[in-house]
Amino acid sequence: MTQSTTTLFRSYLIEEYHLTEEPYYKPVGDEIELFEAAYKQKIPLIFKGPTGCGKTRFVEYMSYRLGQTLTKVKQTGDDGAPRAGNIPLVTIACHEDLTSSDLVGRYLLEGDSTVWIDGPLTRAVKVGGICYLDEIVEARKDTTVLIHPLTDHRRILPVEKKGELLEAAEGFLLILSYNPGYQSALKDLKHSTRQRFVSIEFDYPPRDIEAEIVEHESGVDKDMAMQLAKLGEKVRNLREHGLGEGASTRLLIYAGKLISQGIAPRRACQVAVNWAVTDDPSVQKSIEELIGSIFE
Amino acid sequence: MTQSTTTLFRSYLIEEYHLTEEPYYKPVGDEIELFEAAYKQKIPLIFKGPTGCGKTRFVEYMSYRLGQTLTKVKQTGDDGAPRAGNIPLVTIACHEDLTSSDLVGRYLLEGDSTVWIDGPLTRAVKVGGICYLDEIVEARKDTTVLIHPLTDHRRILPVEKKGELLEAAEGFLLILSYNPGYQSALKDLKHSTRQRFVSIEFDYPPRDIEAEIVEHESGVDKDMAMQLAKLGEKVRNLREHGLGEGASTRLLIYAGKLISQGIAPRRACQVAVNWAVTDDPSVQKSIEELIGSIFE
Amino acid sequence: MTQSTTTLFRSYLIEEYHLTEEPYYKPVGDEIELFEAAYKQKIPLIFKGPTGCGKTRFVEYMSYRLGQTLTKVKQTGDDGAPRAGNIPLVTIACHEDLTSSDLVGRYLLEGDSTVWIDGPLTRAVKVGGICYLDEIVEARKDTTVLIHPLTDHRRILPVEKKGELLEAAEGFLLILSYNPGYQSALKDLKHSTRQRFVSIEFDYPPRDIEAEIVEHESGVDKDMAMQLAKLGEKVRNLREHGLGEGASTRLLIYAGKLISQGIAPRRACQVAVNWAVTDDPSVQKSIEELIGSIFE
Amino acid sequence: MTQSTTTLFRSYLIEEYHLTEEPYYKPVGDEIELFEAAYKQKIPLIFKGPTGCGKTRFVEYMSYRLGQTLTKVKQTGDDGAPRAGNIPLVTIACHEDLTSSDLVGRYLLEGDSTVWIDGPLTRAVKVGGICYLDEIVEARKDTTVLIHPLTDHRRILPVEKKGELLEAAEGFLLILSYNPGYQSALKDLKHSTRQRFVSIEFDYPPRDIEAEIVEHESGVDKDMAMQLAKLGEKVRNLREHGLGEGASTRLLIYAGKLISQGIAPRRACQVAVNWAVTDDPSVQKSIEELIGSIFE
Amino acid sequence: MTQSTTTLFRSYLIEEYHLTEEPYYKPVGDEIELFEAAYKQKIPLIFKGPTGCGKTRFVEYMSYRLGQTLTKVKQTGDDGAPRAGNIPLVTIACHEDLTSSDLVGRYLLEGDSTVWIDGPLTRAVKVGGICYLDEIVEARKDTTVLIHPLTDHRRILPVEKKGELLEAAEGFLLILSYNPGYQSALKDLKHSTRQRFVSIEFDYPPRDIEAEIVEHESGVDKDMAMQLAKLGEKVRNLREHGLGEGASTRLLIYAGKLISQGIAPRRACQVAVNWAVTDDPSVQKSIEELIGSIFE
Amino acid sequence: MTQSTTTLFRSYLIEEYHLTEEPYYKPVGDEIELFEAAYKQKIPLIFKGPTGCGKTRFVEYMSYRLGQTLTKVKQTGDDGAPRAGNIPLVTIACHEDLTSSDLVGRYLLEGDSTVWIDGPLTRAVKVGGICYLDEIVEARKDTTVLIHPLTDHRRILPVEKKGELLEAAEGFLLILSYNPGYQSALKDLKHSTRQRFVSIEFDYPPRDIEAEIVEHESGVDKDMAMQLAKLGEKVRNLREHGLGEGASTRLLIYAGKLISQGIAPRRACQVAVNWAVTDDPSVQKSIEELIGSIFE
């Protein structure tokens, strides 16, 4: 059990993680204004939209932006507490085995004594950060029920194992996301949960904006980026012809990155887009033709 | 595992939490009289009604009101016990993973010794508070069975892990809630449980009262509040046309709050009402038309 | 984790709980004679019958009565053991998460050492009390199997975690209850279990006796009690018209108690009987008419 | 957690429990010879037969009888080990939650050190007793698989948590029982298990022998016993007319015991036989008529 | 928790268990040559075949035989390590509750410190023994996946709880068995598992060889053994007429053993063969006739 | 619990395991170039393809090759950290019981103190190795969700039990594999997972290359290897005629190895190919004919 490794990696406390550089984000509509209005009114948010359309990036951008623009209420010096300019962002990927203890915290035996370890949600509640529960419909019922009191006017988190109630710090905001085209009837978000949130619907960016993003992120030139964005658009149109879900912007960027490493565009699009979105030979054939028509 | 945060949040013991300000509540019928009669007779209650129609707010209001009006039996000085004016309110959101230990308590190892931690139900039983089990039909069978002896004339809570029986303190009352339009056959409340309670049915408030509530809570003016209440009424009528559940009063308040932040009413109603209640494009279209007809 | 509460409640050891006052019970047939014959012959019993027809009350009554009438075999002075006049009654509400450890006992870590805590069944076996397993069909198979050796001529409880067998003390009797109109095929009591018991079937009391009970328990006058008993009878007749289960005597008593607090009889019967037994609007309408025909 | 009870009960170590008096058993065929032949050849046995037909009693009888008749191999003095005349009998009621640890043993923390506690099967293996696994088809697969090596020519029990193999002591024999008319396809005994055993089929005793048993066990006279045996026979014939399983001899004895306490025969048979075997009103009616025809 | 037993039994460390006498085994084809070729090439094996056809006995025989014939690489003196002549055989009966920890090992608290206990698979890997996983299709997926790296050219066992990889000692071989006529679609062996093994199919031995085995193992004479083998053959032919699985050689030996104890052949075959293979009355009748035709 | 074994085996820390000899690998297309481009761009990869077509071997080859060709960034001397020439390869076989703790790590009690043990994924993240999650579709949802942040631009692993985030070391790459012809709808890889990876599809090697591999690995001569490769090709064509999956290259090598031990080719192919790929008698017959036609 020797651990003979020099530190090749970096580690952070979850609640101290915040973005130090402005994330690249291209707004599509009034999503920034809506977010700011909700944040001021302490109204929790749901983001709905397909895989890889930019929801996570938007949350990162807003947590950075709000840190820059909000008044400096929290400037508390060198005691380790968050300062203006830093809105901690706590992201939690939901899944069916996530327990409420995973979110709220648990007792751990440490040597001879038992120590309480706050979960990521409790950490966000205490420091007044943004807590982003990604793919909430995957979560077990105890998780979704747990967040209800945080969306009441009292903004309370019950920590039942400690017999305590926590009132969320100023600045705390809860955000959920899910993909409505994706979820099954079994994994529907209950009305008693969803009616506690304002919901913003997202979609893939329009071709021009997507080309800008691909160019910026992958290093290909403007023309190639435009062609990749065009491919993305066309593949998404196949969704009515047997394709489960369209290609994400991320996959277009991957294709661009492989191209910038010298892989031929058609091969790059085959592995980064076509084979990535489907295993179905007939759908693969259709996408292959799309790729061929763009990158002759 | 350092926890370098100054205290930006507040915490309470669960059984000491009570309301210090009168919650805003507009009665619709004789619900206050019924509650008071049941409370005096120690008859446990079930509240039935749709999501967000005000059941939780009513419990909060009654726990505050009873604290003000009841005789001062419990005025016990500065020993930390509840005083007249304070009826502790313990709220528990039920879900399918809630165990009886979550309600009654458990042993925790603390350093070298084992400490018993009372669960929230036990805390309410001991201090004579109101215990509100929200969405009881979500609870597992062991939870619902556990409360049976508390509804007998003996008002007893068995704490089996300690080999004890607790007789509830004067003032203790058990209240359940569920949404009958919501629950499935699988999650029906058993007769052996439901026949231990008097049941009060709730519905959304009538338009005038709802407008008053929206105005009071969101800060919009009377006219805007009336229009939002009208929208709520119309959306609820869609329930027979494919909408799972009507818009709660809470969502109307959210719309009002966004409007008071400068978001245009139609956009505010889109994100706070329409997208919040449904993912179905055709239902969304109908609601969009309703919104358009009210906020031209 | 401070527990700043003065003792507003009372607690007992499970096996020391017994009734100090005679419970109010009106016999309907020869159930008292049957119980006494079985108790003398150490034959375990099953009580079958609908929700709230008085099975639990009968067990309480018999445990008090037997304590008064049996010879004083167990008069053992002030050592804490049960005395004549006291037959401890241990009631266990069964549910699908009740484990055999919940019944028999478990080891708990206490400080540096491990302590065995007897479960409620073991406590009843040791002191020679009556153990009443309510709604046995809800129990898991390991629970029902566990009681088999206690119904053999040897009357033995295996405590496998301790590697021990316990022979039940003189006076111990096992009683099960269930509701045959209620249980599903899935939750049938196995023949290898049920053929170890003599079974007594119970039903709601006839109108005259039920009126006496309602009058005695709720404080309304004889006429009102008769009308409530009449309502109960009529509601039970609806069982063939879509009502899952008839109204229990308990609900009639609740209605009486609300009436004695000044609530109008029709409203009292609406919340205590009608809404308590069903969520189905058409059945509610039928019951409303019944109520209207009795309390014009 | 004080345990203020004088010892009103008796307790034994599981492996030291043996019968000190000859159990009353009336052989029906050559079952005693078959058992003795198998015991000498160390061939494990399966007993098949309906509920309450005497399988358990037969095992008890044989463990007593073999203790009397076998040569005194194990007479080892006052060291606590079993002596001739004592073949320990370890009975385990199987159910779907019985784990292999429940059978083999587990580590328990005791104060500062961990102590291994042998399970009942391990105890039987070590002392060379008879281990009777009742209703084996209810057991989980890990339990049934666990016993396979004990039925090989090597007669070995793997105690995997200790990394050990135990060779069974001389005298150890494994016996299973199940009810073939009862089990579902889901709970079938696998061929890889059942083909490790010689199987003996049991049925209810013929009328004369059953009457003798009822008379001996319940205290009624010969005539009454004969009538009860006749009732048992007739009720069993109803099995083809909707009755799940016939009345066991045990139930006839219960009826006899109630009769000997002064309960009228028809009432005694109603509660001890009719209501005990079925909840179905039409089957109850048929049995009522049978009872009426015998006890006019 | 006193354990007052003198040692009537013997115990071994799992990895030190090996056969000291040559097991009786009659080869049917070239199975010995195939096994030796695979063992030299370190190719893992699957044995397919019906219940009780001799797969386990063959593994025991080969482990003994290889210990005798292989060069004496492992002769390491009196340090407790295996010597030539001893190839440890570790047999594991698979079932659906067998966890990977059961195979690989786990940490156990022992007094104040935690001790790692190797599981049986780890023990076989370390000493270079034969590990026989019986009825592998019963195992959970984590178990079957666990053995994959042991069948790679690297022959590695990941012990993830210790963060280690173990390279198997020279001599280690993995053997699985299952019954293809038995398994359901649900319990199919995955191709990613089965294509890691060479598979040998087994069947019941031909009549002459089986008679030799029965004679040798049960003590009956040659004629009787021949008749029993003939019965086995005929019963197996019933498999197409409703019999789940044919009678194993083991059952024929049991019949022989009962006969050698003086039980009449027809009765012996009834309990050891007929009732052992089926509960179905019509199949029992057919087998009864077979028995009658052989043992008139 | 004595462990009397001399060390006959070797053990490694998981994160220090790397290949010291170049694995034998025959490229089929541009898979090496694609892998290198993705590795430079830190794009995670999915390998799709049938059982035993060489995916695992390819990962081993690339981890060795990249260690040889990459610039010597990580040459850090004798402190135990990885050096150029060594890219650690951490392989994890996924299955439905693999928890996120199995991947990330857990606290273990060690003597009096609790020690955190990194899981294999955390080890790969920290040392900058290649982490290969084999058969990812078998994994539980919590496992697949866990890897999402490692595929974001931030390359972060949340270690929630420690309240930490780890940024992956330079050189870390995540690779998944699955078999698209194999997986059920239930075990589909979610789009939110698969669209985070570039996907490369693999198939069995063409006949000439496969023959070279079989010759090299099994020791048979070129002709025999060619015949075995021909058999492989023909068996795979049977996939449309009831065969679940074609024979892997590995099975052809097994056949070759048995042949090189003197087993006749037809018998070797029967046990190593035919019986290994199917239990279905009619498919076995077809394959037997194929074998017969090649090895007359």
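To keep things simple, chains are lettered A, B, C, D, E and F as they appear, and every chain counts its residues starting from 1.
The rule is short, and it goes like this: a residue touches a chain if its C-beta (ideal position, glycine included) is under 8 Å from a C-beta of that chain, and two chains touch if they have at least 3 such contacts.
Source: prediction; values computed, not measured.
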- What is the graph distance from chain E to chain F, where chains are linked when they touch? 1
- Task: Check every other chain and keep only those touching both chain C and chain F; list them.
- Result: none
- Determine how many degrees of rotation, between 0 and 180 and to the nearest 5, align the Cα atoms of chain A with the equivalent atoms in chain B. 60
- Message: Same or different interface residues for chain D and chain E, judged by whether over half of the residue numbers are used by both?
- Response: different
- Message: Can you work out the whole-Å distance between the CA centroids of chain A and chain D?
- Response: 61
- Distance between chain centroids, defined by C-alpha means - chain B, chain C (Å): 30
- Task: List, in ascending order, every residue of chain F touching at least 2 other chains.
- Result: 1, 13, 15, 109, 112, 117-118, 162-163
- Category of the chain touch graph - line, ring, star, complete, other: ring
- Message: By the touch definition, the chains form a closed loop. What is the full order round it when you set off from chain D toward chain E?
- Response: D, E, F, A, B, C
- Message: With touch defined as at the start, can you tell me which chain B residues reach chain A in the complex?
- Response: 1-6, 8-15, 17, 51-52, 56, 91, 93-98, 102, 108-112, 117-120, 123, 134-135, 138, 179, 182, 244-245, 247-248, 250-251, 254, 257-258, 260-263, 267, 271-272, 275-277, 279
- chain D - residues contacting chain E, complex: 13, 15-16, 30, 33-34, 37-38, 40-41, 43, 46, 48, 74, 76, 79-81, 99-100, 107, 109, 112-115, 117-118, 125-128, 140-142, 144-146, 148-149, 152, 158-170, 180, 190-192, 194-201
